[in-house]
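Below are two complexes that have subunit A in common, paired first with subunit B and then with subunit C.
Up next, the complex of A and B:
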């Protein structure tokens, strides 16, 4: 068992508030990702869990026990750092065994534990080398080995992959996920990379300016983002935001979507489900959130889906899909279509819009309203 | 407009000037260096092989001066003093400087002010240091008389006038002067240590002492080496501190080779003997610097 529970945590460095009243629960065996851009407080939160930074206000419990004043070494936590933080004067073997050495394990026990971890991570041939003789990926593995060898209750990762090149990052990501499935340990992982967060997490907590914006499964975060910040942060290319007006036409509730066809402005009407939150707001402005894949070529689109025809300004082929840059309500927006159906730039094309997955945000509060 | 051919020639003069400018700028200082440093080293080497007394002569006598040098008790004392002074000075300056740096590295208050205070002695000339410590350690003026006046009648601290202890007084003053400098060296190196390493070691269960002794200080090996080389050569060429502090006394009990060399070459009309002692000092410096340079250059070659 290893659960983490944080209640009303606050922390400031000087006059800057880094964490504001954060409450968070991590279940046993869960992989939680703290996602946010730099300076949002995610690393500070991780350090507080590790005990490396003291908590100014609030309580932190591990397995139900308050650990605010427990020294990091007694929390049974291991951490992997972005810089790997290997001990430069020790061989890989001693680096991995150092934690056990400090905990007074016998030499034979240490050796056996190191062997086991080294074979798991495939670094047996590196054991006698110094960190300076290793490549980035190898250092990364050693840093993981150092965390694994103690068999801690909780693993913390502080942007462990951001110093690796793209290919290696993908491979290590898969390995970390495999590791979590084998060990079934509680893991908290900090990153600014939304793809890492989406692929690894059981649950994601998105942070901004020391406040958690939303906690949920990757799918929840992706399909029902709590606000425009979350919606814009997750997904690549990001969600298109279009400012539109709520309206009612022929008893049908919906939004008016201005576009451009053959150089001329044109208005389309997108029918929407009228929810309680939206009722009676006709005539008011809202922000329409459309992911690129919700605007697609109409060949395979649902026949009932509304369609728009508009000019394509630019075409970006990515291989699997092609992104078409169109203009909605004066704003550039991206549509994701199959390369088979993509038109030439400057031509116009019919798109069908998946209104069932559309997000609507309040223009002022930026919160999700439907 | 000048015709194209002329312009081309002008260009080529400028081009050539540009190409040779670095050599032209570097050459004079280089020649001066070769002449005044290496030229005079060679000249001193030749003089040490002659029977020069008041004026240089070029009557080569082989190693006669060296034989005389090693037969002199005065040289023996000076060289023995160098071994005591050099080893204690380097050792204590390194230890105290390192300790101060580690203590200052704990993110304490008023760190900037303390750093300046510790570093300040380095800004003072050896003559001032020597004179000040001479007064402080003088039995009838300084600590000893002060403690006795306070009522501790039996207090004795007369090393500066004690033949056997005078050299240790030089060590005290020199360590006082150099520790701050060593501290500054170490402090700047400590600041480059990745803070995550310390955090990782804390999580691994190591105490702060253990982290410094087991991980951080070993990774500062290059700094230890630089500090050692700087202190070692400072100790070998120490001259003014002894002059100001003890003037080599009592008797010649606290002379160092540099003082010996000065005494012989410029005051006793023994230029040949002075040159021989200078060559011995050069050999001592070389014994320390050459392996250092060798390892440094080799490391660079490999890297």
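Up next, the complex of A and C:
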């Protein structure tokens, strides 16, 4: 069992508030990712869980026990650092065993534990080397080994992959996920990379300016983002935001979507489900959130889906898909179409819009309203 | 990176001219520095008759080690005629603990000041730096009084205390500036691994600081060994360091001036610092932490 529970945590460095009244629960065996851009407080939160930074206000519990004043070494937590922080003067073997050495394990026990972890991470052949003789990926593995060898109940990762090249990062991501499946340990992982967050997490907590914006499964975060910040942060290319007006036509509730066809402005009407939150707001402005894959070639859309025809300004092939840059309500927007159907830039094309997954945000509060 | 030699125009006439200029400058500097050493060395190997004959720059007619033997174990300093030997040992007994203790304390305080951001760390560091700029002469009187209170006046122990205290400012400065470049995450990782303040210091930070330990040892040893003023002020007779004894040997006016013995004595007194430079300088390796952190 290893649960983490944080209640009303606040922390400031000098006059800057880094964490503002954060409450968060991590279940036993869960993989929680703290996602956010730099300076949002995610690393500080991790350090508070580790005990490396003291908490100014609030409580933190591990397995229900308040640990505000418990020393990091007594929390049974291991941490992997962004810079790996390997001890440069020690061999890989001693680096991995150092935590056990400090906890007075016998030499034989240490040796056995190191062997086991090394074979798990496939670094047996590196044990006698110094960190300076290792490549970035190997150092990363050693850093993981140092965390694993103690068999702690909680693992913390502070952007562990951000110093690796793209290919290695993908490989290590898969390995970390595998590791979590085998160990079934509670893990908290900090990153600014939304792909890492989406692929690894059981749940994601998106942070901004010391406040958690939303906590949810990757799917929840992706399809029902709580606000425009979350919606824009997750997904690549990001969600298109179009400012539109709510309207009613022939008894059908929807939005008016201005576009450009053959150089001329044209208005389309997208019918939408009239929810309680939206009722009676006709005539007011809202922000329409459309993911690129919701605007696709009409051959792929459902036959009942509304269609629009508009000019394509630019075409970006990515291999699997091609992104078409179109203009909706005066703002650039991206549509994701199959390379087979992509037109030339400057031509016009018919798109089908998946209105069932559309997000609507309040223009002022930026919160999701439908 | 491009090899400077393969750059276009690097092998022309101008290059040659530049080389000639540099080499001649270096040669002149070398002669200026080595000339006096040559004179001292060759004079120490001559006998008195040869010295009186003049010809300062000539090589000795034969290798005559008698002056060295006399300087080491027979020359009269004050009333004792045991040569420099006992005073040389005094200096060794004084220098080794002073160097070791001040280096260790400097390492510990530099580590604490740079990697543990406690309140007032910078003020404490600034005050310690102040110690580097206090001239010896200012502290002589209060120090003499302090040593008297402690009951270690006129003893080698007293000199060890004085030199250790005086050295801490410098060694702290060395280590603090070295540890400032060590990433904080190393301390955090070791903390998570269960190591405390002293174990992090002993297992990780001290081994990491080998280059700066060498610097600190060379600096402190040279300072302590060559120091004259404290030695002359706080000790007398049998507990004097070799620098004071050398002065007394050369300034004694009882008999004929034995230039060869004086020169040999000066070389003996200067030898240890040279040896430390030659030996320790080889371990002066840079970049032990290179690659420790990022890929």
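As a working rule, the second predicted complex is superposed on the first by the 370 of 370 C-alpha atoms of A that agree within 3 Å, B and C clash if a C-alpha of one lies under 4 Å from a C-alpha of the other, contacts with A are read in each partner's own complex, and residues count from 1 in each chain.
FYI, a contact is a pair of C-beta atoms (placed from the backbone, for glycine too) under 8 Å apart; a residue touches a chain by one contact, two chains touch by 3 or more.
Computed from a prediction, not measured in an experiment: that's the story for all the values here.
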Label the relationship between subunit B and subunit C on subunit A in the superposed model as either fit or clash.
clash
Between subunit B (first) and subunit C (second), which, if any, makes contact with A:163: first, second, both or neither?
second
Is A:13 touching the first partner subunit B, the second partner subunit C, both, or neither of them?
neither
First, second, both or neither for A:136, with subunit B first and subunit C second
second
More subunit A residues in contact - subunit B or subunit C
C
Let me check the overlay on chain A: which residues of subunit A are in contact with subunit B and also with subunit C?
47, 50, 52, 72-73, 77-79, 81-90, 98-99, 102-103, 146
Note which residues of subunit C are touching subunit A in the complex, please.
183, 185-186, 188-195, 199, 203-204, 207-208, 288-295
Per the touch rule, the subunit A residues reaching subunit B in their complex are 47, 50, 52, 71-73, 77-79, 81-90, 98-99, 102-103, 146, 150
Which bits of subunit B are touching subunit A when the two form their complex?
194, 196-197, 199-206, 210, 215, 218-219, 221
Quick check: in the complex, which residue numbers of subunit A touch subunit C?
47, 50, 52, 72-73, 77-79, 81-90, 98-99, 102-103, 131-133, 135-137, 139, 146, 163-164
